[in-house]
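Worksheet for the structure shown next.
Each chain gets a letter, A, B, C and D, in the order it is written, and its residues are counted from 1.
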Amino acid sequence: MIVPLDEGIRELVHDGDTVALEGFTHLIPVAAGHEIIRQGRHDLTLARMTPDVVYDQMIGAGCARKLVFSWGGNPGVGSLHRFRDAIQNGWPVPLEIEEHSHAGMANRYAAGASGVPFAVLRGYVGTDLMGQTASIKTIDCPFTGERLTAVPALNPDVTIVHAQRADRAGNVQLWGITGVQKEAALAARRTLVTVEEVVDELEPVPGQVLLPSRVVTAVAEAPGGARPSYAHGYYIRDNSAYQEWDAISRDRDAFERWLESDVYGGARPAREGRIP
Amino acid sequence: MTATAYTADEIMTVAAARSLTSDMACFVGIGLPSTAANLARRTHAPDLWMIYESGTLGTEPDTLPLSIGDGVLADTADTVVSVPEIFNYWLQPGRIDVGFLGAAQIDRYANINTTVIGDYADPKVRLPGAGGAPEIAASCREVIVIVRQSRRAFVDKVDFVTSVGHGGGPGDRERLGLLGKGPTRVITDLGILEPDPNTRELTLVSVHPGTTVADVRAATGWDLAVAPDLAATEAPTASELSVLRSLTGA
Amino acid sequence: MIVPLDEGIRELVHDGDTVALEGFTHLIPVAAGHEIIRQGRHDLTLARMTPDVVYDQMIGAGCARKLVFSWGGNPGVGSLHRFRDAIQNGWPVPLEIEEHSHAGMANRYAAGASGVPFAVLRGYVGTDLMGQTASIKTIDCPFTGERLTAVPALNPDVTIVHAQRADRAGNVQLWGITGVQKEAALAARRTLVTVEEVVDELEPVPGQVLLPSRVVTAVAEAPGGARPSYAHGYYIRDNSAYQEWDAISRDRDAFERWLESDVYGGARPAREGRIP
Amino acid sequence: MTATAYTADEIMTVAAARSLTSDMACFVGIGLPSTAANLARRTHAPDLWMIYESGTLGTEPDTLPLSIGDGVLADTADTVVSVPEIFNYWLQPGRIDVGFLGAAQIDRYANINTTVIGDYADPKVRLPGAGGAPEIAASCREVIVIVRQSRRAFVDKVDFVTSVGHGGGPGDRERLGLLGKGPTRVITDLGILEPDPNTRELTLVSVHPGTTVADVRAATGWDLAVAPDLAATEAPTASELSVLRSLTGA
C-alpha cells in the first residue's frame, strides 16, 4: 500500500495510458509528474481541468500524445509555452487536444465516478467548442423535451493526486481547496496518492475529503511533492517559481537545461517495494 | 477633492468595482476581475458575496489572491465546496448575480474568445482556453467583461466563440436557451461599452477622463456606435485609489 | 431572516404546495411538521425519501394530497399505519403516491439543485416501479448507445430542514449524517430551516454542511425540534417514542387523541416577526 | 464443544455472518442484515468494511444501531458522505462486494417484493417500499437475502418486483444490463437456498440442525428443488452465540 514514489509510478503508469494528475491550483502532484518524466513514459493521454506548469513540463519532455483539458495556462502568469510549442509546432512530438469547459470536465469526472457513461449539463451551447470537440453532444430531456448537453464519462487508467496525509492503511485525507480530486480518483481504474506525510491516525479536519483505502491503489510519501504549488497547512505557494517558469519555458534550450538539472539531476535510484 | 494621477488600469478597475453592489453574489475570475471585486468589497460593497471557481463560497481574502485557488480564499470562505459542486449547484442554476470575465478577443456582440488566435487546427497563438467562462457567460444573471481596449482585442468577429455574449444579435441568447442576460457592460481602460437595448451591439456609453471618442473608436475593430447620452466616467476618488493601491501593492 | 416558527410556516408554506421536510433518520424537522398540522395546511404534495413518523402524522391529520417518496416506514419498528390507512382506505383523505427508489429520489433532488430538468442513473431496470411511476423513463447514452434510466428534477416549492446551528445572518450549519438536505434545500424555491440554536459565530466542524444564507429564506429557532429523532451533538434518538407510535397510529381514535393532546394542545400563540 | 440452545433467528443470523469475509465491503440494511454484519465484524471478519445507506462509510459501531442513521454510525465511520454520493459514487459503480437485503416476499428466482401485498392500485397491505434495495440488488457484486421462511413470504411469483433477483431465469440479469451477480444466497430460519447455476431457481443447499427438508418445502410456496449434495448447517458455536447475544442484548 505504502510504496516509494518511483515504484508507484513504475507499477501504475504505463506507456499509452490515460493519466490524470489532478489538482485545482492547490495540491498539484508535481513530484509524481517529474517521476513520470524521469521514467520516460510516452504516448500518454494526459487529462486535467487545469494543466499548468507540471503538464507543460511533461508535454515538453515528450510524455504526452494527447491532452484532455479545459484551461491550460500558467496561473497568474500567462500561457504555457511548451504546450504552445507542441500544438503550434509539434515539438517535441505532436499533441492532439480534446478541449472542454470546466463544467464539462467536472461533470465528465463525476459521471466516471458514478459508473454512468455520460453526464448532462447546461453548457457549450452557442460556443465553437461544440464544433471542435467530438465528445460534446446534445441530449433531449425525456420529460420536458428541453435540449441539453451531454459529455462522456472520463475514466482515467490512473489518477494521481497529492494530499496532506495518509494513514498506514492507505486512507487519504486532503483539505483546503479539494477541487475535483475525489471524482478523478473515484473515476480511475487505479489511483496513486502522494502525501506530505504518513501518520498513525487521521485527525478529522473541517472541510476534509477522505479517500478510503479501498479506492486507493498505492500511497507514496513525497514531502513537498506539490511544490511550487502549495499544501494547505504545510507550505504556501511559491509564486516566483511560476513567474520564473515563463522564461524557462519560452526557450527550448533553456527548457532542456532545466530538465537536465531539475528533473534528471534530481533522479533518485529505484528502491525496493512492491504494490500488493 | 484634488485631482489625483492614476493609470488606465486603475480607472478600469475602479469603474468595474463600481458596477458591483453589496447585495450581489459575484463569480470572480482571477486578475483584473478579482482586483475589482475585492476593491468593491473594501469600499462601497462590504457584503459582496464572492465565489471563485476553485470552490470557495463567500470568501473574504485579506490580501489579493494571486491564483484562483490561493489558501487565503479557503481560509476566509463561508465554506469550500468541490469543483463539480461549484459549477452544478451554484453556477448552473442561475444563483449568481454577476460573472466577471476577461477576454483575449471580444466582438461587437460581446462574444468572447480565450481559446485561439487564427485557425483552431493550425493556430497562430494558442491561448489557455475556456475554463469556466462559457458557463459563467451562460448562467450568471449578468456578465461584466474587463479588457484593455485595442484593435487586436476588439474585433468585428472573434476567431473562436469561447463564451457566448449576444451571439449574432437580438434574440440569439433566448434561442440558445441561455439563462442569464449576458454581458451588460464591457469596461476597458478607455471607457465603458454596453449592448444597445435594440441591436445588442456594443455601444460606447462612457469615456474615461482624458480620452476622446476618437481614441476609443481608433482602438475598436468595428465601426463603434456611440450612445447619444454619452457620459464621462467619474475619475477615481482618492479613497478608491488608496484602497486599490493597498490591495495591489502599487 | 430569523423568525418564529409559526410565522415561518405561515409565510412560506401554502395550501397546495409541494413541500419537502427532509432528513435521513437524523435531524427530522418534526416541530415544523407539527406547526404545519396546527395551521391546517392541506392539499400538500409531500416529498421525502424516507417519510416516517412525522409524515404519518401529517398524512393522518389530512395535510397531504400526494406523497412522493422512496421508503415509507417507522424506522426500526415497521410500517406507517396512518399512511396505510390513507392509501388503503382513503382516510382522512385519499392519498396519491409517486414512488421511487432512494437512488432515484436522491438524483431527483440533485438535478433540482443543479438546475437541469432530469438526472441519469442506473436504476429501476426490471422492477415493477417502471410500470407504476410515470416519472421514470429510459434514456440512451449519445456516446455508447447504452440504455439508462432518467428521472425528472424535483424542485419543491418549500424545503424544510432541521439543523444544529445558524448564525444571525442566517448561515446554517449541520453535521453528522447530512442525508440529502443540501440538495433538497438547493432544489427548492423557498427554504425554511429550524435550528437547535442561533449563535454569534459558526465554529467549523468536520463533516459539516454549510448552507449559506443566500439559499435560506428563513431560520426559526426550535430547540429539540427534531425529537423524537436526534440532533448530533445535542440529543440522542428517542427509540421508545418510535415504538410507541406504532400503537397510537394503528387506531384512528388513539391518533386523534394524540393529535389533540400533543399537537393542538402544544400550540403556541402566533408571535410577531416577519420574513424580510 | 457442548451443544448450546439457540433460536431460529440466531442460527439465521450466524449463517448470514459466516457468508462475509474480512476483505469485503458490505452494504448493510437495518435489522437482521445489520446484526449479521456486526456479528461477522466481531468474530471472523474484523476488517469487514460496512456501509449504511445513510452515508456512513467504514463504520464500526460499538453498539448495534437501531436505525439506519444512528449517531454511532457517523461517530465511528471513516467518513460520512451525502446520500446522493453513497448511491452515485459508491453503490452504482459496483464498488461494493455484498449487499444484504431483507424481503416481505421472495420468489423462486429470488426477486424481492417490499412494496405491496395484493394489487398496487388497491393494496391488501401497503409495505414501506423500495428504499435503496433496487439499486443494491442491481449493483452490488453479489446479494445475500435474509428472510424468515414461510409460504406467505416464499411465493411462486411476487406480487410486485421491487428488486430484481434473477428475473425470469438464466440470462435475464445480463439482458437487463444489471452489473452484479444478483442474489447468490438466501438465508432463512430453516436453511440456506442458492440459485441453481443452470436454472437460476432457488435451491435448498443446506438445512439447519433439527429441520427436515419436508419442513423447508412446507414453508415454500413452490415446488422447492433440493441440491443433491445437501449440507447440514453447522450449529452456531458458543462463541458466535455469545458475541451475538452481547450485540442484541438477548
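The criterion applied here is as follows: a contact is a pair of C-beta atoms (placed from the backbone, for glycine too) under 8 Å apart; a residue touches a chain by one contact, two chains touch by 3 or more.
What you see is a predicted model, and the numbers here were worked out from it, not measured in a lab.
The chains in contact with subunit A and with subunit D alike are C.
Simply put, of B-C and A-B, more C-beta pairs touch at A-B. With each centre defined as the average position of its C-alpha atoms, the distance from subunit B to subunit C rounds to 40 Å. Chain geometry summary: the mean Cα position of subunit B and that of subunit D are 58 Å apart. Averaged C-alpha coordinates give centres for subunit A and subunit B that are 29 Å from one another. Counting partner chains per residue, subunit C shows two or more touched chains at residues 114-116, 121-122, 146, 182-183, 207-208.
With touch defined as above, residues shared between interfaces to two or more other chains in subunit B number as follows: 79, 88, 92, 139, 179. Two chains count as a pair here when they touch; such pairs are A-B, A-C, A-D, B-C, C-D. Residue ranges of subunit C in contact with subunit D, taken from their complex: 24-26, 49-50, 69-73, 75-76, 79-80, 83-84, 87-88, 99-103, 106-107, 109-110, 121-129, 132, 146-147, 176-180, 182-183, 207, 209, 230, 232, 236-237, 239. Residues of subunit A that touch subunit D in their complex: 113-116, 171, 182-183, 186, 208, 210, 212, 214-215. If you check the complex, the residues on subunit B that touch subunit A are 30-31, 53-56, 66-71, 73-74, 79-80, 82-84, 87-88, 91-92, 115, 120, 123, 125-135, 138-139, 160-164, 167, 172, 176-179. Residues 114-122, 135, 137-139, 141-144, 146, 148, 150, 152, 204-208 of subunit C are the ones touching subunit A in the complex. Residues 25, 49, 57-58, 78-79, 88-89, 92-95, 139, 179 of subunit D are the ones touching subunit A in the complex.
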